[in-house]
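Okay, got some structures for you below.
Two complexes, one shared chain (subunit A), two partners (subunit B, subunit C).
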Partner chain A sequence: MSVTKAQRDNYQQLVKKHRPARTIVKNTIRAFIVGGLICEIGQVIQTLFIRYGHFKPTEAGNPTVAVLIFLSAVLTACGVYDRFAQWAGAGSAVPVTGFANTITSAAMEHRSEGWIAGVGGNMFKIAGPVIVFGVVSAFFVALIRYIVTHL
Partner chain B sequence: MPTWSTFVWAFLVGGGICAIGQLLLDFSKLTPGHVMAMLVVAGAILDGIGVYDPLVKLAGAGASVPITSFGNALVHGALQEAHLHGLVGIITGIFEVTSAGISAAIVFGFLAAAVAKPKG
Partner chain C sequence: MTRIGRQTWDFSRGTGVYVGGVGTVAGQLESAGPLGTNFDFHLENDRVDGDTWEHSEQSMFGKAAQIALENARVASEELDVLVGADLNAQLTGFYLGLRAHPVPALGVYSACASICEGLAIASLIIHSQHGERAMVGTSSHTSTAERQFRYPTEYGAQKPPTAQRTVTGSGVAVLTNQPSAIQITHATIGKVLDYGIKSPWEMGAAMAPAAADTIAAHLADTGRKLTDYDCVATGDLGHIGHKLVKELLHEKGLTDTGHLTDCGMLIYDSSQPEVFSGGSGGACCSLVTFGHLLKEMLAGRYQRILVSATGALLSTVSTQQKDSIPGVSHAIVFERKDGM
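Moving on to the complex of A and B:
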C-alpha cells in the first residue's frame, strides 16, 4: 500500500503538533548552566595559574585550555564525556573540552583501523572543519586588520 | 588579577555562548559541525572588530574557554607576528597562540586511543 502526499503532509502536521516546544527552552537552559560551569572550572584553573604559576593574566588562558583538554581526554577515555554530552548538548560541545572530545573520541573509535589510517587519518574528522574555517576566516580578518592599520 | 566579578561574568558569558550554540542547533537544524564552524568564524570576526578582547578582560575563562576564542586566538597570533615581520607574519603566526589547544588535543587524544577502548 502506497502512502499519498496528503497522508504524508497530514502526518508531518501531526508530528509538529505533538513535538514538545518546551524542549528548546529546556535545552537552552541546560546548555547555559553546563557551559557556564565548565567556564567556571576554567576560571578556577586560570586563577591558580596566575596566583601560583606566575602567569600574566593575559597569558594564563593557554595553560588553562591545555589542562581542560587533558581533563576532557581523560573523561572521554573513561567513556564519561560522551554520555554527559548527550545530555548537555551545546553546553559540553562549545567549550574547548568539546573540541578535545571530538578529537579523542575519533582517535579511539578508529583505533581498530590501525595507527596511520585509523587514528592518524580520522583524528580531525569532526574537529577539522573548525580548524579549516577558523584559519581561513582568521587569515582574512587579520589581513583586513593589517591593511586598515597600515594605510 | 581576576576578581569575584570575573567569576560571575565567566559563568554568564560562557553559559551565554553555549546557549547561543544550543539555540542555533535547535532552530536551524544545522549539524554540530556547522554550528562549531560558525562560532569559530564569529570569534575571528569579533576579534577583528575589537570586541573579543574586552570580553576576555571582563569574563576571563568565560570568553577564553568556548570555541569562539579559537577564532580570536588565531587572529591574535596572526596580527602579533604581522606587526613584527610584516604581511608574511599572518601566515607564520596564525597558530602561534592556539598551539596549546591543538597540540594538547592531538597528544592527549593520541594517548587516549593508545590506552582506552571505546565503550558501547
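Moving on to the complex of A and C:
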C-alpha cells in the first residue's frame, strides 16, 4: 500500500507544525546592518583612494572593489567568511564580497581535482549563473535604454 | 533463517550472530561532543595529514576497521566478507578505504540507513553459515558530503534551523558466530516511503515516516511492545525529526515512547556551533551505536535495544529535478547475553 494523498497532506501539516519559524525580522535587520556596513567600508576605502591615491571619483570604484574582493578572498581562505555568513545571511551574500566568496570557495574546494579541470572547471560553479543572468539582463536594459534614447 | 511477519528476519535460533568487536573514529566536532570520550580514536584535524577530504574519509574508515579487528582479535585474513557503505558517489569511502584488506567485499547503499542494511546482510551471511566472520561499517565526512550534496565548504550560505550537520567519523563492527556479550537477534528491512518532502534541508522530516513505519512493522512482526526495549534509537532524524517520529508512533497507537531517542540528537550538544537540528550522515548511527549504545549494554544499563537507521533517498540530480525525497529505515535488535 503506497502513501495516499490524504496521508501526505496530513503529514505536511504535521511537519509545518514542528518546523521552527524562520526569524525573518531578525535576519532582515542583520542583513540590513551587515550589508550596509560592508558598503560603508567600501565607501571609506573609495574615499581613501580619492584623497591619498589621487584617483578621480569616477575611477576610484575599480580599486575599491578589488580591495573588497581581496579581503573577502582572504577571509574565505582563513575559514572565517562562511561562519560570518551563517550569522549575517543576505547581508554578506549580496555585496561584492559574497560574490568573491562563491568563486574563492569553489576554487579551494576543487583544487584537489587539479588546476585545469578542478579549479578552472569549477571556479564559477556558483558564480556562473550570476554572471550569465547579469550579462543577459544588462543586455536587455541596454537595449531598452538605446530604444528610449533614440526614439 | 526464519522470516517472521512480512519484514523481519529472525537470527535468534540456529547459528547465532554476535558482535566480536567495534572500532570508532570521530572527527573534531564529534570528539568535542557529549559522547566524545566514548570513541576509540579522535581526529586532531578533520583534514587527515593535510590530504583531501575524500582521502581523509577513506583513512578514517581504514583506521576504524583496524581498531575493530584489534578489539575483536581477528586478523583481516580471517574475515569472510566485508559489507560497508558511505555517502560518496560509487562508495569510494568504503571500497578505496578498505582496499588493503584481501577479503570479498560488498558495498551497499541506503543512504544513512546503510549501517543497518550492512548489519542485516552480514548477519544473514553468518546465520546462514555462508561465513563465520564479517566486518560491517560506514563512514561519512562533513566536507565530502557538503561538496557532493550541497556547496563548497567555505561557501557562505545561510542554513535554516532544520538543517543537520553531517557527522565526520567512521564506525565499524566485526560480527562473528562465536558467542560474545552482544547478540544480533533480528533485522527488520524497511520500505521506501515518500511523504512528499522536497526540501533537502528537511531530512529529518523526509525520514521520520520511514522510521515510524519500520519500528511499527518490527513490533507487529515480533509481537513485542516499545517497552520491551530499553532503548529504541533512530539513526539521524535530529531534534525536529525526533518530534515527528514520536507523533507518528503515537498516531499508530504506540504511545510508550519514553525510551525513544535519536543518534543525531545524542552526538552533538545543541550549544556546539552549526549543528542545527542535530547530526546526520552515514557515520552518525554507526558511531553512536558502536561507540555509545553497545557500551551502555556492556555496562549493563541496557539489556535489549532496537536501532533503526534512517536514510533520505536523494541525489543532487533528483533534487535539482524537483523530485521529492523518500525515506527508508532498517532496524536491528541487539541483545545482551549474560555470562559472556
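Assume the second predicted complex is superposed on the first by the 128 of 151 C-alpha atoms of A that agree within 3 Å, B and C clash if a C-alpha of one lies under 4 Å from a C-alpha of the other, contacts with A are read in each partner's own complex, and residues count from 1 in each chain.
Note that a residue touches a chain if its C-beta (ideal position, glycine included) is under 8 Å from a C-beta of that chain, and two chains touch if they have at least 3 such contacts.
Everything quoted here is computed from the prediction, not taken from an experiment.
Undergrad: When both complexes are superposed, which of subunit B and subunit C contacts more residues belonging to subunit A?
TA: B
Undergrad: Return first, second, both or neither, reflecting whether A:A117 touches subunit B, subunit C, both chains, or no partner chain.
TA: A:A117 contacts neither subunit B nor subunit C.
Undergrad: Identify the partner contact of A:Q7: answer first if only subunit B is touched, second if only subunit C is, both if each is, neither if none is.
TA: second
Undergrad: Quick one: classify A:I144 as touching subunit B (first), subunit C (second), both or neither.
TA: First partner only, subunit B.
Undergrad: Looking at A:Q46, would you say it contacts subunit B, subunit C, both, or neither? Reply first, second, both or neither.
TA: A:Q46 sits against subunit B, while subunit C stays out of touch.
Undergrad: After the superposition on A, what does A:Q86 contact: first (subunit B), second (subunit C), both or neither?
TA: So A:Q86 only meets subunit C here.
Undergrad: Touching subunit B and also subunit C: which subunit A residues?
TA: Overlap of subunit B and subunit C footprints on subunit A: residues 27, 76-77, 79, 89-90, 93, 98, 104-106, 108-109, 126.
Undergrad: In the complex, go through subunit B and note every residue touching subunit A.
TA: Within the complex, subunit B touches subunit A at residues 1-2, 6-7, 10-19, 21-27, 32-37, 39-41, 43-45, 47-48, 56, 59-62, 64-71, 74-75, 78-79, 82, 87, 90-91, 94-95, 97, 99-102, 104-106, 108-113, 115-120.
Undergrad: Which bits of subunit C are touching subunit A when the two form their complex?
TA: Those in contact with subunit A are residues 52-54, 147, 151-162, 193-197, 202, 205, 209, 240, 243-244, 247-248, 273-274.
Undergrad: Given the complex with subunit C, which residues does subunit A contribute to the contact?
TA: Per the touch definition, subunit A meets subunit C at residues 2-3, 7-8, 11-12, 14-15, 18-20, 22, 27, 76-77, 79, 81-86, 88-90, 92-93, 98, 101-102, 104-106, 108-110, 112, 125-126.
Undergrad: In the complex formed with subunit B, which residues of subunit A make contact?
TA: 23-24, 27-40, 42-43, 45-47, 50, 57, 61-66, 68-70, 72-74, 76-79, 89-91, 93-100, 103-109, 111, 119, 123, 126-127, 129-135, 137-139, 141-146
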